[in-house]
Each structure stands twice: as C-alpha cells, then as structure tokens.
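Each of the next two complexes has chain A plus one other chain: chain B in the first, chain C in the second.
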Partner chain A sequence: MDNLFVALFEILSFGAIVVLVVLGLGIIASMMGIFNFAQGEFVLLGAYVTYIVHSSGLPVWIGMAAAPFVVGALGFVLERSIVRRFYAAPIVAMLGTYALGLIIREIVRGLIGGLYLSVPEPLGGSVNIGTMHFSSWRLVIILITALVMIGSYLLLARTAFGLRIRASLENPALARASGISTNAIYGATFAFGAALAGLAGALIVPVFSLFADLGLRFLIQGFVAVMVGGVGSFAGPVAGAGVIGTLAAALPWIIPPVIADVLVFVLAIIFIKFRPQGLISGKGV
Partner chain B sequence: MSSERSHLNRRRFLSNFAFASTAIATGVGSWVVRPDWANAAGPPIKVGIATDLTGPIGYAGNADANVAKMVVKEINDSGGLLGRPLELFIEDTASNESVAVGNVRKLIQRDKVDLVLGGITSSMRNAIKDVIVARGKTLYIYPQLYEGKECTPYLFCTGPTPAQQCDEFIPWLIKNGGKRFALPSANYVWPHTLNVYARKVIEANGGEVVFEEYYPLDQIDFSATVNRVISNKVDVVFNTVIPPGVGPFFKQLYEAGFLKNGGRLSCVYYDENTLNINQAAEIEGLASCLDYFKALTPEDPFSAKLHAAYEKQFPGTFLFAAGSAATGTYRGLKLWEAAVKEAGKIDRDGVAAALDHAKIAEGPGGPAEMVPGKRHCKMKMYTAVAKGGNYEIVARSAGLVDPKEC
Partner chain C sequence: MTTPPPPLRLPLRVGRQRRWQVLPIIEIVVLAIAVLLPFVLKDYLTIYATRVLILCLFALSFDLVWGYAGIMSFGQAVFFGTAGYGVALIARDLGVTSILLVLPAGLLIGFTFALLLGGFLLLGRHPSSVIFVSLGTLTGSYAADRVARGWYYLGGQNGIPSIPPMSLGSYDITEGPVYYYLTLGILLAVYLLCRFLVRSQFGLALAGLRENEQRIAFFGYQVQRLKAIIFSFAGAVAGLAGSLYAFHEGFVWPNMLGVVISTQVVLYVLFGGSGTLIGAVIGTVAIEAVSFWLSNSYQDIWPIILGVLLLLVILFRPAGLVSLILSERERVGNFGRLPEEGDRGSS
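Presenting the complex of A and B:
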C-alpha cells in the first residue's frame, strides 16, 4: 500500500515536470503554427539564470522568479530579429530554431565548462508520512504546474489578449483587418512560450542539476507529447504531456527500463497512426 | 562601399580561397605546440593527443590536453628526448566517433606522429584504435579507467582496470556498508563488463547482488529504481549510472532516506569533477576507488608538486582528476618517455619493447610500472569517501595493484 502511494506520487511528479516543460512548446506550436526546436534551450537558459543568481550569492528563489522574465525577454528579441522571418515556411522554421538552440546550448556548455552543477532547492528535504518519504520540492513543482496550467488557460480563454491570440491563429488576415497587430501578438505569444520554458528550467534545475543537454533531454519527449495531444489547442499538448510523462515514469516500475524507454515511443507512434489528429483535435482553447 | 565589398575580384577570390584551403587543411580542431629551441640533435619527436576537447565530456578532454602540454613542456625544458625536442599535436575527437576517426587520421597521415595518446570512452578507443595501431602502424596509449579486456598489440593502457578498482574496494564496502548490493547501471559496455567482475568479487567476499539493472544513457528519473533499493533493504549501491542520470538518481536516493538509514553509495568513476553534480549532503559518505585523489597531496610531496604545477599553469574549470584520465595521461607520457630513453630510438617496435616493462618512480598517487607482456599498468589504488563536499582517504593499497588483464 505504501509502495503504491510512493509510486503514484513519483509518477505524478514526473508527469507534472513534463507538462511544465511542454506547456510553452505547446502554446507556441498551437497558437503560432511553428515548432520551436529551441524550446529545450529556453528551458536550459531558465536553469542557467537560476544557477547564475545562486552562484552570485543571492537566494535561489530570486533566480527562479527572474528566470521567466529573462528568458521571455530573450524569446521576444529572438522572435523580432530572427524567428518572424520563418513564419512563411514552417519547415525552415524548424531548422532555423534548431540552429538557434544549438548556438545557445554550446554557448552555455562553454560557460559552465561542460560540467554538471548542482543548484539547491529553496525548499529542501522531504515530507514524511509513516515510512513514506515525499520530496518537498517535487510537491512544490506539482503545485506550481497546476497553477501555471490554470493561469495559462485563463489567459488564453478568458482575457481580451487571449482572444486576440486565438483570432490571429484562426484567421490572420481577418484579425489584421479588424485592427489586431498580428505581428505584435506573435511576438508576445513567442515571448510567453519562452517565459514558460524559462520557468520550467528554473523549477527543474534543483532536481536534475545544471548541464548543457538538460533541454535536449525533454525536447524529444515534448514533441511526442504535442503530437499525441494534438496541435491547435491549448488542452491538446497539455493532455499529451500528461500521458507521455505518466507513461515514461510508470513503465519502468513494471518492465525493464531500457525496454520502457523505447515502448513509450512505440506506443505514441501506434496511437498517432490510428488517431493522427491527436487526443484533442480542433483549434481554440 | 557595400557594392565594393560584395564585388568579387580575382585578388579577393584568391586570398579567400587561400585562407579557406589553409583552414580546411589544418582543420579547425587542430593545435600544434612547437618547441622553441634550435640546438636539437635531430628533428622533433611528434606526440599526438587525440581527445574530446568539445562535446559532453569536453571537461575531461581539456584536462588531458592540459596535462600533455604540461608534460611535454617539462620534458622540453629539461633537454628533450634523445637530444631532440618534442612537438605536440592535439586533435579534437569531439565526443563523436566519426569525427574522431577523421581527425586521428590527420595525426597519422598528415602529421606522422610517433605516438598517439587519447580517447576517453571505450567506444572512442574502439573507433580509433584500428586507425592508429593497425592501419597507422603507430603506438597507442589509452589513459582512462575502463572495463578491461583490451589486448591489442601496440595498445598500452595506463588507467585502472576492474581488478584494480574492485579487488580491495569491494571488501572495504562490505565491511563499511553491508552485504546486500544493488548494481544500477547505464546501458553500455563499461557497466556491463565491470558488473560481471564486481559481482564475482562481491560473491567471493560473502556479499550478494540484490539486483542488477540497466537504464538508457539519458534516463533522468529513477523513482522506480530508488523504490527497489529501499524496499529491498539494499546496503550498498554500487553505481555505474553516468551523468546526466547520476545526479537525479543520487538526489532521489537521498530524498527517499537511503543515506539516513545507513546506506552506502559507491561509484568508481567519482572524482573531484563529479563532486559538484550533487549538493554535499546528498552524497555524504559516497565511496570511490581511484589511482589518485587531490586529498593525497598533504601526504605525497610529489603529487602535491604536480598538482600545484598543473593548477598554476591551468587555473579554471578543467581539474587534474583521475576520472577524467588526467592521471592516466601523465602516467602514459612519462612511461613512454622512460621507454624512449631506454630504447634510444623512436621506431614503434623498439619503443613498444621498452614500454612493455617501463617504470616510473614518481607519478600522481605514487609509482607505476607496466606488467611485462600485459600492456597494462600496475599502480597504487586509494579508497576515498566524500565528506562535506571533499574526499577523505580511508584506505590505500599496500603496494602496486595488479591490473589482471590479458
């Protein structure tokens, strides 16, 4: 019984981490129609900002609070200067953003000397119930993921800004004719997606430590999650991330981990074969 | 102005072409360190270093290249070898086997080096050894701790083998940890082969292996493994999971109360570089067994001198550490120096015959000597335990430990 609770908690917490990482990716893919291959490096940058703030002697949580703003601002600059030139050609956008990601990754690798560096969590230790130990920081991540999910949903579904984003996605020409600056909207959406990645990086760096390939690890999982969930809506990628994260964490409990790793992808491919539109189809929120 | 710049005339084309072809010919990842003396008895002896200067294990490769620069400079400053200076050629193997083969070929065919030292991972060694030894007819020294079983002629290994890392270490773990072992491992050749040996030693000393399990190299969530460790009441985790997985794995073990309940972590590649992956408390008591730790410097004057010289020449992030093959690189070059001196020439067979029984009286962690006919190196081994973010030496081998290979 204890074992079951521990297993459920661990699976839930890893699922939450994957959802958190995929959220920004999903918003950019669904609301702008391009796959941002630099998303993993935005996660890495969020982690790096947290590390820099921590190593300069300030409390870790300041770094975590600063990370989404720094990464969001950088995302905005990159969108204005580079990414917006790719909207006409989504395939080229993949390559372009991949190149951006590669540049960011190798710069960070140079800056940290290719090492693996630990960043302490602001809230350490574990919550003990009987003989069971639950990591406090993982609890915090689950909580923040839920809050960010709700916040993002409300922003897209309930605010005037969200309405403009959705209008720009569904019919850019009509949106422009109605006086919405789709250019500005795209910039803001990209920055928002980047900021979410930055937050994800900041929150997960105490769990996984800082290393240059931190974002790369989640990129593939993130894309599979978006494919499984379905592009076009907010809920799709989130649902996909939940499924992939849960599967990736749950399968090693029952079958050898090497097989589990492959099986997640095999299951995803089979699923997409029979339901190409993903779990949740259709545009909107 | 801008139209002038974009206008391509013959002279500009030629100068660009010359620049580009030079860049291609020398390669972007090549460095040559030339000796600066003119009173030589002959042309320079060429030493080739092929190591991972870039990519995920760049931190180790850069340390190895630094050690090579230091040793070559020291030899040149004291008069060179056979009255000839050493010239150092460094090529990047880029943590990528296909890039590496091309760059190592440059060392062999273009630079015609007399020795290649390098390669860090076993897959790298396997990729480049044929280029060096068989087709290249050149001597090859492999400096990293590894899984053993490399018995190619003209290939000498100067890092610790499983026997050197397990024979004294595992009995210590049983005494200072317990009898129930778990072997969580990354799924590649080193952990698989090392575990076969480790299991034999564990069982021979009255311990038991509770589980042995392999994970994808990039797995970073280990909740299922941690649960298995806790619920099976494992005493010693003999870890061969590598970065990036090892950090989260140790952290999850710590959070699950493994250390608090008296569990012992152990990991035979852990050196000063890997200490920073986790916070000190998460790996308190972690035991490692290597040929050198910085903690030896207070008791061993030669190691202290060496370490200080390295840090003076190369301050920064690339540490002089055993797990990066830095000590194996030092040992390899010094053993080769001794062999060249004895042979009195630099042809491959002559040097190999002398290297077969070469000895050095001083090195990082103590003396070292080749076991004749085995092409592996006897050396002292040390067991160290992480305490508050540093290592403390807790056990040392009585003398030189036999590699038991080939």
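Presenting the complex of A and C:
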C-alpha cells in the first residue's frame, strides 16, 4: 500500500514536470502555430541561470525567480530579430529554431564543459506521512505547476491581453484591423512561452542536475505531448502532457524501462495518426 | 526552405537559346576532384575522404525526400543505422561478407524499414500534415536509438565492434584507396540514377508536390503514394550508405540510428542547397572538411559556428551554397519529355 502511494507520487511529480515543460511549448505552438525547436534550450538556459546565481553565492531561489525573466527577455529578443521571419513557413520555423537551439546548447556546453553540475534544492528534506517520505521539493514542483497552469489559463481566458492573443491567433487580419498590434502580441506570446520554459528549467535542475543535453531530453517528449493533446487550444497540450508524463512515469513500474520509453512514443504516434486533431480538438482556450 | 513556387513549365525556346549550363560543369569538376583526390592525399586522409563520400550518399537520400518531394524527414538515420546494424549482424552471425550479398542486403533493409515507417506515416485515410511526418520520423529515430542501446543482442551501448571487412571472392576490401574508389563508383551510380529520376516526369510530379501539394492532388496524382515511393527509394539509398559505413568503420553503434546523425544530414543538405543533388554533395564535403580542419584547435566552438552558419543560410540563402553560383532557372531545371510532345525538354 505504501509502495503504491510512493509510486503514485513519483508519477504525479514527473507528470507535473512534463506539464511544466510542455506548457510553454504548447502555448507557442497553439497560439502562434510554430513548433519551437529551441524550447528545450530555453529550459536549459533557465537551469543554467539558476546554476550561475547559485555558484555566485546567492541563494538558489533567487536564481529560480530570475530565470523566467532572463529567458523571457532573451525569447523576446530572438522573436523580434529572428523567429518572426519564419511565420510564413512552419517547416522553416522548425529548422530555424533548431539552429537557434543548437547555438544556445553548444554555447552552454562550452561554458560548463561536458559536466553534470548539481544545484541543491532550495527546500530540502521530505514530508513524512506515516512511514512514507515525500520529497518536499517535488511537492513544491507539483504545487507551482498547478499555480502556473491556473495562472496561464486565467491570463489567456480572462484578461484583455489574453483576448488579444486569441484574436491574433484566430484572425490576424481582423485583429490588426481592430487596432491590435499582432507583431507585439506575437513577441509577447513567444517571450511568455520562453519564460515558462525558463521557469521549468529552474525548477527541475535540482532533480536532474545541469548538463548540456538537459533540454533535448524533453524536446521530443514535449512535441509528442503537444500533438497528442491537440494543437490550437490551451487545454490540449496540458492534457497531452498529463497523459504522456503519466505514461512515461508509470510504465517503467510495469515493464522494462527501455521498452516503456519507446512504447510511450510508439503509442503516441499511432494515436496521432488515427486522431490527428488530438485529444482536445478546437481552438481557443 | 521552399522558394516561392517557380512556374512549372517546359521551356519553349530550347532550340533558339543555348545558355551556358553551369550545373554540369560543377558536377564534372566535383567528380574530377573526387577521382584525383587519393593521389594527393595521405593515407589517413583518404580514409577520412571515404567516410565523407559515404555521408554524401546518405545526404543524397535526405535530399531526395526533402529537396525534391518536400517530406521533412528528421529520421533518415533510422534507415542508415538499421542497414548498418543489419549487415553487421549478417557478418557477425552468418559470416557473410561478400560485397555481392551485403550491399544488396543493406539496400533491402533500408528500403523495408522506409517502406514500413513511410507507409505508416504517409499513407492512410487522413493525409498527414508536414509537422506530423517530421515529428514521426524524429520520434522513430529516437526510438530506434533507444532500442539499440537497450538490446543486448545488438551490443547495447557499445554497438557491434570488429566487423570483418567486406570481401569480393577471396579479396578483402579494407579501408584505403580501394574502398574509396568503390564508394565513389557507387556514389556516382546512385547520383546518376537520382539525376535521371528527378529530371523525369516522376521528378516533375515530385517537385510539384514540394511546391504545391494540393494542386498536384487536384491533377489526379496519388499524392500519398508518390510520397511513399520516393521515401522508400530514399530509404534504400540511406541503407546502402549505412552498410558501406558499417564495413568502412568496422563497427556500428547506437548513435548511427539516432537524432544526432538524423539532424546532421539535414544540416549537410540545407547548407549545400536542397533541391539540387550536387548541393547535397557539396554541403556534406564543405561541412565535413571544415569540421576536420577545425577539429584540432577549435573543436569546442565548431558546433556553435555550424549553428550560426545554418541560421544564416536559412535566413538569407534558403537555396544553400549552390545558389551562389547556380541560377534559379537551372536549379529548378527541366524535366523529361512528355510522351506526345516531341523533343522539347532535355537533360
């Protein structure tokens, strides 16, 4: 019985991590229609910023708070200078952002070497219930993921800014005619997606430690999750991330990890093949 | 990487206007350099050059699917790697190393896997979106890599070491000039075959797919089937390259199947110029040569430079290096003659 709860907790916390990583990816894919291959590297940058702050002697949580802003700002600059040229052709966008990601990844690799650098959890220890121990940091991740999810939803669904984003998504020409600067909106959306990735990276670095291929690990998983959930809505990618994260964490308890890892992807691709619109079809929030 | 759709028409004024053709000149120069190279290179460089030629063959296969048919395959390494593993297993477990058997086997393995993966991703009731195909192939590559790493029979992380050399009768084909010329011969043959293919009416239909898929569908072509055909053909080419690579290196390892090699080949082709066969070759040679040249002193920053170069090419030269010297008109090219229209088209 205890084991079951521990397993459930593991699954839940890994699912939360995947949701956190996929959220930014999903928002950019859904709201702007481009698949950002540099998203994994934004995660990596978030982790790297946290590491830098930590190694300069400041508390880890300052780094975690700074990471989304730093990465978001970088995302904004990149969107203004480079990514906006790609909107016309989604495939070119994939290749272009892949190149961007390659540059970021290799620069970070040059800076940290081929090392695995660990960053301590700002909140150590564990929460004990009966004989069971739950890592408190993982609990924090689950909590923050829930908060970020609700916050992003409210931002997109309930605020004027969110309305503008959705308007620019559904009918850019009409949005422009109504006085919305779609250019600025795209920049802000991309920056927001990047900031979410930065936050994800900052939060997960104590769990996974920092290494150059950290982002790559989540990239494919993230894309598959977005496709499974359905591009075009807010709920779709989140649902997809939940399913993929849960499967990826749960299957290794039942079958050998390597087979589980591959099986998740194979199942996901088969699912997308026969239901291209994903779990949740339709646009909007 | 698609340029604005150029008009797909047959040239009507061929007889009157003999323009100076740049493409054949480039091709002949490249071939001449390739033939003469082993005479001037040191032995270890010839071995390196052989590897580059094999990668050129691999790049051709990606160029066929992306440059001509507009199918984004991020998983071309699957066919390269499975063929490599396949021939390695044949050599290890069955002791068969005859070139007359292993190369066709590699070709067949690449073809079969491409047919299966391509058939699944491309065929079916719903036409697949480009994004789905690219993600599907990428995932395939990742999955193949993972499976190879975890499968004891395939050697796990270490792959299959010390594959015996390919043989012809009792003669062992080991790395060096002989292997070099063997590879060059195969590359040339495949190149000519592809050149014929992409300049035929079939090639015209493919180019139409790349430029405007819907239009080709409305003309009554079986779009999905065309795609599956070229995808499988390219898989066979990649398989051939993979088996040559396995015997040349003497071992295979999981990276051969993985995402890194899959994206590497994308870089080669984009850099050189997709949609021209010679572009794939030039891109591979250029990247590998610079990589070799920088490998001693600037190993660390080379990937960064590569990324920057790629980004610049995508932004400013979507048609790649080749487009610097090749006119748009010639890059698109003419296509084989229509049955009823006499001798209009050429090349």
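Note that in this section the second predicted complex is superposed on the first by the 285 of 285 C-alpha atoms of A that agree within 3 Å, B and C clash if a C-alpha of one lies under 4 Å from a C-alpha of the other, contacts with A are read in each partner's own complex, and residues count from 1 in each chain.
Operating definition for what follows: contacts are C-beta pairs under 8 Å (C-beta built on N, C-alpha and C of every residue); 3 or more make two chains touch, one makes a residue touch a chain.
Everything numeric here is computed off the predicted structure, so don't read it as measured data.
A.B. asks: Does chain B (first) or chain C (second) touch A:F35, or do both, or does neither?
C.D. replies: second
A.B. asks: Quick one: is A:Y116 in contact with chain B, with chain C, with both, or with neither? Answer first, second, both or neither.
C.D. replies: A:Y116: touches chain B, not chain C.
A.B. asks: Check the residue A:V258 against both partner chains and state whether it touches chain B (first), chain C (second), both, or neither.
C.D. replies: Both: A:V258 reaches chain B and chain C.
A.B. asks: Check the residue A:F14 against both partner chains and state whether it touches chain B (first), chain C (second), both, or neither.
C.D. replies: After superposition on chain A, A:F14 lies in contact with chain B alone.
A.B. asks: Please work out whether A:I269 is in contact with chain B alone, chain C alone, both, or neither, and reply first, second, both or neither.
C.D. replies: Second partner only, chain C.
A.B. asks: On the A-aligned overlay, A:M227 touches which partner chain: chain B = first, chain C = second, or both, or neither?
C.D. replies: Second partner only, chain C.
A.B. asks: Of the partners chain B and chain C, which touch A:S178 in the superposed model: first, second, both, neither?
C.D. replies: Once the two structures are laid over each other on A, A:S178 reaches no partner at all.
A.B. asks: Who does A:I107 touch here: chain B (first), chain C (second), both, or neither?
C.D. replies: Only chain C is touched by A:I107; chain B is not.
A.B. asks: State which residues of chain A lie in both footprints, the one left by chain B and the one left by chain C.
C.D. replies: Dual-contact residues (chain A): 109, 256-258, 261.
A.B. asks: Which residues of chain C touch chain A in the complex?
C.D. replies: Those in contact with chain A are residues 1-2, 72, 120-121, 124, 126, 128-132, 134-136, 138-140, 142-143, 146-147, 149-151, 259, 263, 266, 270, 300-301, 303-304, 306-308, 310-311, 314-315, 318.
A.B. asks: Across the complex, what residues on chain A touch chain B?
C.D. replies: Listed in rising order, the residues are 3, 6-7, 10-11, 13-14, 109, 113-118, 120, 125-126, 133, 135, 207-209, 211-214, 217, 248-249, 252-253, 256-258, 261.
A.B. asks: For chain B, which residues are in contact with chain A within the complex?
C.D. replies: Per the touch definition, chain B meets chain A at residues 55-59, 187, 213-216, 218-221, 223-225, 227, 231, 243-244, 247-248, 251-252, 255-257, 273-274, 276-279, 282, 316-318.
A.B. asks: Which stretch or stretches of chain A touch chain C in the complex?
C.D. replies: Its residues touching chain C are 35, 82, 85, 89-92, 94-96, 98-100, 102-103, 106-107, 109-110, 216, 220, 223-224, 227, 256-259, 261-262, 265-266, 268-269, 272-273, 276.
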